[in-house]
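To keep things simple, chains are lettered A, B, C and D as they appear, and every chain counts its residues starting from 1.
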Amino acid sequence: MDFLTVLNDIQTQIQPLLGQGKVADYIPALAAVDSKHFGMAVTLNTGEFYGVGNYQQPFSIQSISKVFSFTLALRAYREELYKRVGREPSGNPFNSLVQLEYEQGIPRNPFINAGAIVVCDSLISHFADHNSNTVEQILHFIRACSHDESINCDRNVFSSEMQYGYLNIALANLMKSFDNLENNVDEVIKTYFRQCSIVMNCQQLSRAMLYLADHGSDPITGRAFINESQAKRINSLMLTCGHYDASGDFAFHVGLPGKSGVGGGIVAVIPGKMAVAVYSPALNKSGNSLVGTKALELFTTMTGLSIF
Amino acid sequence: MDFLTVLNDIQTQIQPLLGQGKVADYIPALAAVDSKHFGMAVTLNTGEFYGVGNYQQPFSIQSISKVFSFTLALRAYREELYKRVGREPSGNPFNSLVQLEYEQGIPRNPFINAGAIVVCDSLISHFADHNSNTVEQILHFIRACSHDESINCDRNVFSSEMQYGYLNIALANLMKSFDNLENNVDEVIKTYFRQCSIVMNCQQLSRAMLYLADHGSDPITGRAFINESQAKRINSLMLTCGHYDASGDFAFHVGLPGKSGVGGGIVAVIPGKMAVAVYSPALNKSGNSLVGTKALELFTTMTGLSIF
Amino acid sequence: MDFLTVLNDIQTQIQPLLGQGKVADYIPALAAVDSKHFGMAVTLNTGEFYGVGNYQQPFSIQSISKVFSFTLALRAYREELYKRVGREPSGNPFNSLVQLEYEQGIPRNPFINAGAIVVCDSLISHFADHNSNTVEQILHFIRACSHDESINCDRNVFSSEMQYGYLNIALANLMKSFDNLENNVDEVIKTYFRQCSIVMNCQQLSRAMLYLADHGSDPITGRAFINESQAKRINSLMLTCGHYDASGDFAFHVGLPGKSGVGGGIVAVIPGKMAVAVYSPALNKSGNSLVGTKALELFTTMTGLSIF
Amino acid sequence: MDFLTVLNDIQTQIQPLLGQGKVADYIPALAAVDSKHFGMAVTLNTGEFYGVGNYQQPFSIQSISKVFSFTLALRAYREELYKRVGREPSGNPFNSLVQLEYEQGIPRNPFINAGAIVVCDSLISHFADHNSNTVEQILHFIRACSHDESINCDRNVFSSEMQYGYLNIALANLMKSFDNLENNVDEVIKTYFRQCSIVMNCQQLSRAMLYLADHGSDPITGRAFINESQAKRINSLMLTCGHYDASGDFAFHVGLPGKSGVGGGIVAVIPGKMAVAVYSPALNKSGNSLVGTKALELFTTMTGLSIF
């Protein structure tokens, strides 16, 4: 298939949508981006790469980082991890305290904020046992699976998050009160916000996610990151819980496991074949990239690659 | 692939599990079944059929009927239907009133009880305009897509349900109070319980679901029931919401769109290829067939047919 | 104290408020009243009576009836009653299902609708054991404590309620599903709505409530209806839970145990001294009589009879 | 009335209960008290004082401090305060986040933790405008109304609370996220925990609360602290919301406005007459002093001073 033509077609078709939606503005560092940016990248399991538009424009990956940290936690704890975080869709907004209180501090899944905070906490404990720093290890993993040593955090975004992150701090303290955080709340929150502030572009993201398109191993180098069952778990979680309150709609429209971030990025995995990343910062009312969601829908429609 | 060998292997492997779990006993008519029954059936889009065990044992399809009624409602109302019922995972137990009260009488999706009751109500209105009876029309549709005119309701199950269905009656009255039921509550509830009392066997079910494995059309006769987009919607909903509180786990273990019923049946769809039905009445703690879930997991593992 | 002067002063002072607020219109039978009616009546423990305005205008007592039925249930079941209905403020709207689901079908107190429905159910069981009808017994009790044999139900109001009472039917079915109703749901609901449709005027109400102003006995005839502890319980419940979501405000502004009804009536008890009834059908946004609440506040301010 | 005889009788009658209940042990500093302590004190509006048992034993007043801080906030902000904190019973546990999230960060009343935290925050803003420190001002007020300059905070209790106060920190951050805290969360929490760590004995407490028994003024010195309407508000709030989930039961059994603390103290006000304080650290399952509640019930029974 001629993916470059597909990407070019998509770029043409989404033009009228640029300008719709609303860039995340809960912190100044995110509000400053160009709302009309659009980039899209495809990396095949064979190593072929196709990019269009601002596919090399770096952006804050935000919640997409949850896929990487969950991968590391699953590798470190295996089934034990599920004692502390569930695997089911939440049905509540991504930052709800209600469910967390009702279910005694056990978050529904690792992709809602509370779940990702627990995952961070588990990594801090794990890496401390190995005299190692969690943020460094997450970066190390992302650099390894994207084959790009330049990837790093954005200090501005991090300090903005710290300044306005009251709800996440509330979630963390609530879980601490239920004994579901092992480490100091402040350290956990800092680690979580650092992870969210990681900056990548579409090319790097599509390359990095390739291990989820090949049963846990990098299809190009053959290096195994996680096992097949773990990759399947991550993909199924991305399908059922990857897009906040619009996960069901994404499953229908796009029909691929995927994860979005409030920074405007979305990645999607086509098992056995490739990974796709898209960036466009204006969000729809569910908090997912408006143009990004549409672009991925066009992609599966044009290529027939939906899993349904 | 030699599906008969696969089914026989599965039947052998699940033997130690027979006897685990618990048959639904909230009504006497369901409690009376043989808890050690196991049947499984595969119908390919080509028409080939494979069955094993009690695959011709009739059972109460219960919530599996929601797939058929939702199909008819989607055909009748298209996007209009979503004004009255959502499309997202619920995160709450299948019969929760909390979410319904919080969201003003709009159920999260058509596969929780409240959603299926709204779908029933919409069909009653629709078929009344055509001077037709909803239960007859649902049966008519099921007979058409399973190519079996013998399928019918079970009067015992129906009257048991009516006698103990207080929670569903509560859900219906709550939605009526929010103006989200158009017809008489009693009529809607009767229609809903009649639909749930439909009796089928694995062979019939796997045949009936084939339209969801071929973009909305019966792959054998070519007859179109719904369009491709509608079939995709139903499949994605089955994946994200088809198994109550264990939808995420089913997505991971089985990796197929599917729908379970408290009578012990589960159907799963492999888009483009086939439909599978399994029956074993003892349920796990999420209310899904314990052996049935395991059998489907073995099926995708052995055939490599998971969508992930 | 010259209570007639006090009542006349109040009538003068509330004139500018007549016309504010909104008459209950969820059923036609209630919407038909004259929104500018105002009546107020005081009956002292000595038997002295004072009335002003439309104090002989009959109106639907609605939730005020819950005081009478709770009195009968407390007499019949004593402490046993609290296994089925609580004694604490609810903090949720009077008709919320959330609390009921969360607390497994046990309503917070006998003055929210769910609680009053359980009380009805308990009376049906109790009087059935004595071959007697609950509505007849409630009427019998009200006639006895008001010394007026003419008091009766309003058939119009009753049938209107039955027609639009979906939320109450939902509450009853939810409690039935939790095994907290002993009798047929339909019979319980009919009894509940008949009780709510009882018609009284301010003179009758102030006379009827006198047993709560004298430790459970009619201060004029000396007849004991309930014991002192039971009267104290009812008074404390009226103070903490008698006015839906505005119970705290009523306690502050009026400072008396009281109970309001959506028909526009309010009764208040001054322990050891008297009972006061007021009627004015336009409601404030909490569902209590707007002018009635103000009139009672003026009454306690002018007489210094607040308990605080 | 011979109050000393009454108090002695009560002390005799509660002996069998000493040893029942459970001392608060969520922080070590509270767990260290003698669970068999019992003290009770009455101060009349005339200045007469009666004490029995350990009435001079200092203890951590904990939530009783909320009465003092609310008094100061009501004096500073009057009706404006209610934009930030409600006046109705909560019906949920004292530390619930659910209600707070549902109602957008506005706590139900000033006596649940969230409400008291908002009150603290309002005082910080108010006293900052007067270049003054809130804890100093609360202490200043308590010393003034108890006529005892020796009253102070307990550093141990304060630092214990800070160490384990995750749930309160969660509440504060949640309210900050809803813009219902004006000051730095850490400063607000520190102020709140300092206020809770104030140490008093029964004699001091009964003297301090006298302004609520005399329309807002100290009946002995005549000094006005708040106006009559504000005192009425505080008393009615204590009656409807003063005892967590057992406020209704306290209203019935004791029949007085009162406020309890998890340190084992309870104060009650008899408007127009006196204030009573009791201390016994073992708590019942609602978190109120078990023996203290019983002692106050005996007091109103023996003296006939219940408001009902």
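A few comments on the model shown:
Simple rule for what comes next: contacts are C-beta pairs under 8 Å (C-beta built on N, C-alpha and C of every residue); 3 or more make two chains touch, one makes a residue touch a chain.
Note that the coordinates shown come from a computational prediction; the quantities given were computed from them, not determined experimentally.
Homomeric contact chain A/chain B: same residue numbering on both sides for over half of the interface positions.
Separation between the centroids of chain A and chain D, computed from CA atoms only, is 47 Å. Each chain gets a centre from the mean of its Cα atoms; for chain A and chain C, those two points are 56 Å apart. Separation between the centroids of chain A and chain B, computed from CA atoms only, is 32 Å. Shared interface positions of chain A, defined as residues touching 2 or more other chains, are absent. Chain pairs that touch one another: A-B, A-D, B-C, C-D.
In the complex of the two chains, the chain C residues touching chain D come out as 86-92, 99, 108-109, 231-233, 235-237, 239-241, 245-249, 251-252, 255, 257, 271, 306-308. Residues of chain C that touch chain B in their complex: 96-98, 101-102, 166-167, 169-174, 176-177, 185.
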